[in-house]
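Structure first, then comments.
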Amino acid sequence: MSAESSESLSDAVSRIPPGSSVATGLALEHAIPFAAGHELARQGVDDLTLIGPISDLLFDQLIGCGAVSRVRAAWVGNVSAGTGYRFREAVENDEIDVENHSNFSIALALRAGALGVPFLPTRSLLGSDVFAESDCFEAGTDPFGGEEVAYVPAIEPDWAIVHAQRASPEGDVHLWGNTGIVGPAVGAAENVLVTAEEVVDPETIHSDPSRTAITREQVSAVVECPWGAHPSPVAGHYNRDNEYYLRYHGATDTQAAFDEWADEWVYGVDDREEYMRGVDADLSITEPTVAAEVRYGQ
Amino acid sequence: MASEAYAPRELMVSAAAAEIEDGDTAFVGMRLPLIAFQVAVSTHAPDSMAVYESGVVRDGPADGFIHTMCDLPNLNRAVSTTGMLDIMSRLQRGDVDVGFLGGAEVDRYGNLNTTRVRAGDREIRLPGSGGACDIACMAGRTVLLMPHESRRFVEEVNYVTSPGHADDGSGRENHPAPGGGPDALVTSKATFGFADGELFLRSVHPGVDREAMLADFPWEVRTAPEVGEGPVTTTPEPTAEELDLIRTFDPDGFWT
Amino acid sequence: MSAESSESLSDAVSRIPPGSSVATGLALEHAIPFAAGHELARQGVDDLTLIGPISDLLFDQLIGCGAVSRVRAAWVGNVSAGTGYRFREAVENDEIDVENHSNFSIALALRAGALGVPFLPTRSLLGSDVFAESDCFEAGTDPFGGEEVAYVPAIEPDWAIVHAQRASPEGDVHLWGNTGIVGPAVGAAENVLVTAEEVVDPETIHSDPSRTAITREQVSAVVECPWGAHPSPVAGHYNRDNEYYLRYHGATDTQAAFDEWADEWVYGVDDREEYMRGVDADLSITEPTVAAEVRYGQ
Amino acid sequence: MASEAYAPRELMVSAAAAEIEDGDTAFVGMRLPLIAFQVAVSTHAPDSMAVYESGVVRDGPADGFIHTMCDLPNLNRAVSTTGMLDIMSRLQRGDVDVGFLGGAEVDRYGNLNTTRVRAGDREIRLPGSGGACDIACMAGRTVLLMPHESRRFVEEVNYVTSPGHADDGSGRENHPAPGGGPDALVTSKATFGFADGELFLRSVHPGVDREAMLADFPWEVRTAPEVGEGPVTTTPEPTAEELDLIRTFDPDGFWT
């Protein structure tokens, strides 16, 4: 099966209206949907609320592109180099609103949404300014043992954007390697856009149902998008392009410098294929590990 | 056997690795701890495990350099690659023995700030908590790692990203967080312990001037003998084996 | 790697003391650890509290063997035939105490234990006698939106017993097919006994870390136990022995009849190998499905 | 085209299948619904999906008879085989359109009892809720299935395992549970709907004496015309295609 039964990335992204809340970068430094993110910027979709645990670069880029008005996250920067300058400057200039989370609180907020409950309790947060300086959380008391807990309210994003190894045209998705908070976010989101290294025959998905992490009724769009997570790594497909992160850090410390960077890497390319022509790192997998055989049957 | 020549951050990695005991489950985050766990599991702590908030669980070093916990060498031949809630569940139910934390600022109780700092009139935004607040609240003990710079040691942190001990000397008795709190601070010049919830000097790195180093703190730092924890020692230099390992795990010295 | 590095089932089960709370039958009708359950009965471990969602036969058998003083579950019986006579009679004669749950409430109770929180909220239960007649749950109010919710307190079993397809001697476990509430129960339990169709080389587990459902530090004992879930099915290994369930139903409507059944199938055999010599159904998998290849590597 | 000869439970399966609409996500439990979903997805509802509390998700019939939702033919070539919390999450967040429930007792509001019944002085213990209470509370609508026996229709159930509609005619307005509640009752003699939270007769199975059938209820059962829902009809017989399918999915007539 080819991607012909699925829509183009540009068509899929055009369904995300300005003002949407979008959860992405959910597998942390792994499989970040950069291709979809850049397409959002190219289409000028703005006033976005970005939701995620840590964002390794993508949130910084979207902020630099002027697409973002609010961030609900635990960490925004560049994992190779620390600071994300576009995020930092936007916060310091009061251009975006930030709701500070911990990784666990954003995970629990999305898990509450996925679970269909208004909140979840946690023993984290208490004693921190993440809790004390926020009007997001509430303190509560365990009705059984009297223990103090923090309540984290549900977050239900309008969209979750996820990059995966393979998906059927219907939207059933296999993904492997670490998944961060992909599961909670997909469950909580109203719509899900999946970009996949490969769109495969449904039989491939059906051959291993325990590998299925997302099922079709949660998915609004599936797009085949090889290299769709570059410069982040995708298990089984390509390594992380570490140098790219370092170059980005060195090239984006002012808005003018960022604009130049974006003109080359975002606005200056039509699609992912053209983008990848600009990448010359060898990220290929030279030591493949094949998963031990698993059988089902009857 | 100590090596002749090593970088300050190589000694920090060695000192951080020493904080992982055999059998520990260690919560490993960004930067130096990525290397420190690999050193520990390759030397004195072969039965330690690392959990990473991305969902990775490992029982041995990666077979290649890792910038991040999600680099493919860290996923390849891992014990488990699952999701964050699985890892955070272990943390919250008390199954993580030790966690590593960095910080832009620390106070005497081990409260850490990685959210925003003041520089004169300006407030500088930092990346934020990530999982640090959760580790600080819930790990059995935490080890803090940071460059030794006077601006990082403050009477009161600008924002408590990661809570330390209570400020009334009660350790964590009156603190709502269930974890054990800070157990050690490793800087590029010395190592510190915590007694009654407050920092004390444990060892000084080789070649460091103790008095000048202590002058970087805005308060009178207690020392090990003052809190009944033996003498202040000299931090052991990394062994030749450790240096070999550090240079294998970080061949270009990117983190070290 | 063979099972020689793991202990025998009899040794492993001998570590479960009388009076323990034991969660099992966690994958519902799939992969029920019957071998371990029968060994509990043979060793005369009694005063057990059994915890599970539904129990397809195993709880009924352990009750018949006099091993049980309390059940915390949503359903106990025989999925092929309905009633479990030993359970029914024991309840009617007031010989065991039952805490009635729904499947979701037992799942949430164990998930709370795994998550390390004292309770979890749910929108289920309210309006039912599962809630109203129980002193297990509490009513609560969502502090954000004012919605009425039910609070389910954590359950932390002394032991969870799980049957899986393959495990390393260290206790890292691959399992596939549906898992019911295996994950929450393993996370919540103080100790975990894993019986596996195969004990395999650690390299097999490491070749597919996203398949790993249980990791070693949660596991107290690993035992190789082929056919350890018969008569329940195990994906990739054997089909369900439906006739066995029907024969059991017909043969255990009185305690005397049950005792005769148990003399043959539980007390009359030394171990699983001898037990399986009494089974003559062909449960083999004649139409295997091989999972599509997955690669990791670097 | 109706078939000449069919078993009463084959008609129940056909009637239950008719309650699944194309595109529905159906929560499927034990016994007849196992067959009914397979019939629906093979005929008028090809885009329906089944979720099973064991963690299975399917988009088509199993290629072999299934006693239980966990029989290997139901796992083999499923869309997903995951865990219960994944399935219950879909239910609780409102993504399950229809759920099937059985019961030993039902009252006029659709409250169901599968926990314990009275028989004279004796109280008989039944297996319990399983997932029924959860489905009853949270599915978009529920379809109740039971043999038509007068002892099952009661003014008040002995134990509310699975809550139905509020008893004040408010439907679920004042009911804490978020789901839509009972939408249909299919017995071996008739089908019923719910209006204002109370049962009404919708159709009578072919050959069944309507008055005798209604006499099995201890209350005056309302009828479709009385609640403005058109005439009471005759339940359609299973079609030849449906019977073929039922006998393929249940070749020995074990459930039917």
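A, B, C and D are the chain letters, set down in written order, and residue numbers restart from 1 in every chain.
Criterion: contacts are C-beta pairs under 8 Å (C-beta built on N, C-alpha and C of every residue); 3 or more make two chains touch, one makes a residue touch a chain.
Protein names from UniProt, one per chain: A, C = Glutaconate CoA-transferase subunit A; B, D = Glutaconate CoA-transferase subunit B.
Keep in mind it's a predicted model, so treat the numbers as computed, not measured.
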| item | value |
| --- | --- |
| Chains touching both chain B and chain C | A |
| Length of the line joining the C-alpha centres of chain A and chain B, rounded to whole Å | 28 |
| Where chain B and chain D are represented by their mean Cα positions, the distance between them in whole Å | 58 |
| Inter-chain centre distance, chain A versus chain C - centres from mean C-alpha coordinates, in Å | 36 |
| Multi-chain contact residues (two or more partners), chain C | 116-117, 122-123, 176-177, 179, 205, 207, 210, 235, 239, 285, 287, 289, 296-298 |
| Residues of chain B whose C-beta touches two or more other chains | 56, 63, 71-72, 75-77, 81-82, 85, 91-92, 138, 178 |
| Full enumeration of touching chain pairs | A-B, A-C, A-D, B-C, C-D |
| Chain C-touching residues of chain A, taken from the complex the two chains share | 116-123, 138, 140, 142-145, 147, 149, 151, 153, 165, 174, 176-177, 179, 200, 204-205, 207-208, 210-211, 235-236, 239, 285-298 |
| Footprint of chain D on chain A - complex, ascending | 113-117, 172, 187-188, 203, 205-207, 209-210, 212, 215-217, 296-298 |
| Partner chain B, residues of chain A touching it in the complex | 27-30, 53-54, 56, 73-77, 79-80, 82-84, 87-88, 91-92, 100-105, 107, 111, 122-130, 132-133, 148, 176-184, 232-233, 235, 239-240, 242, 245, 285, 287, 289 |
| Complex contacts: residues of chain D adjacent to chain C | 30, 52-56, 63, 67-72, 75-77, 81-85, 88, 91-92, 115, 122-134, 136-138, 159-163, 175-178 |
| In the complex with chain A, residue positions of chain D that touch it | 25, 49, 56-57, 59, 63-64, 71-73, 75-82, 85, 89-95, 138, 178 |
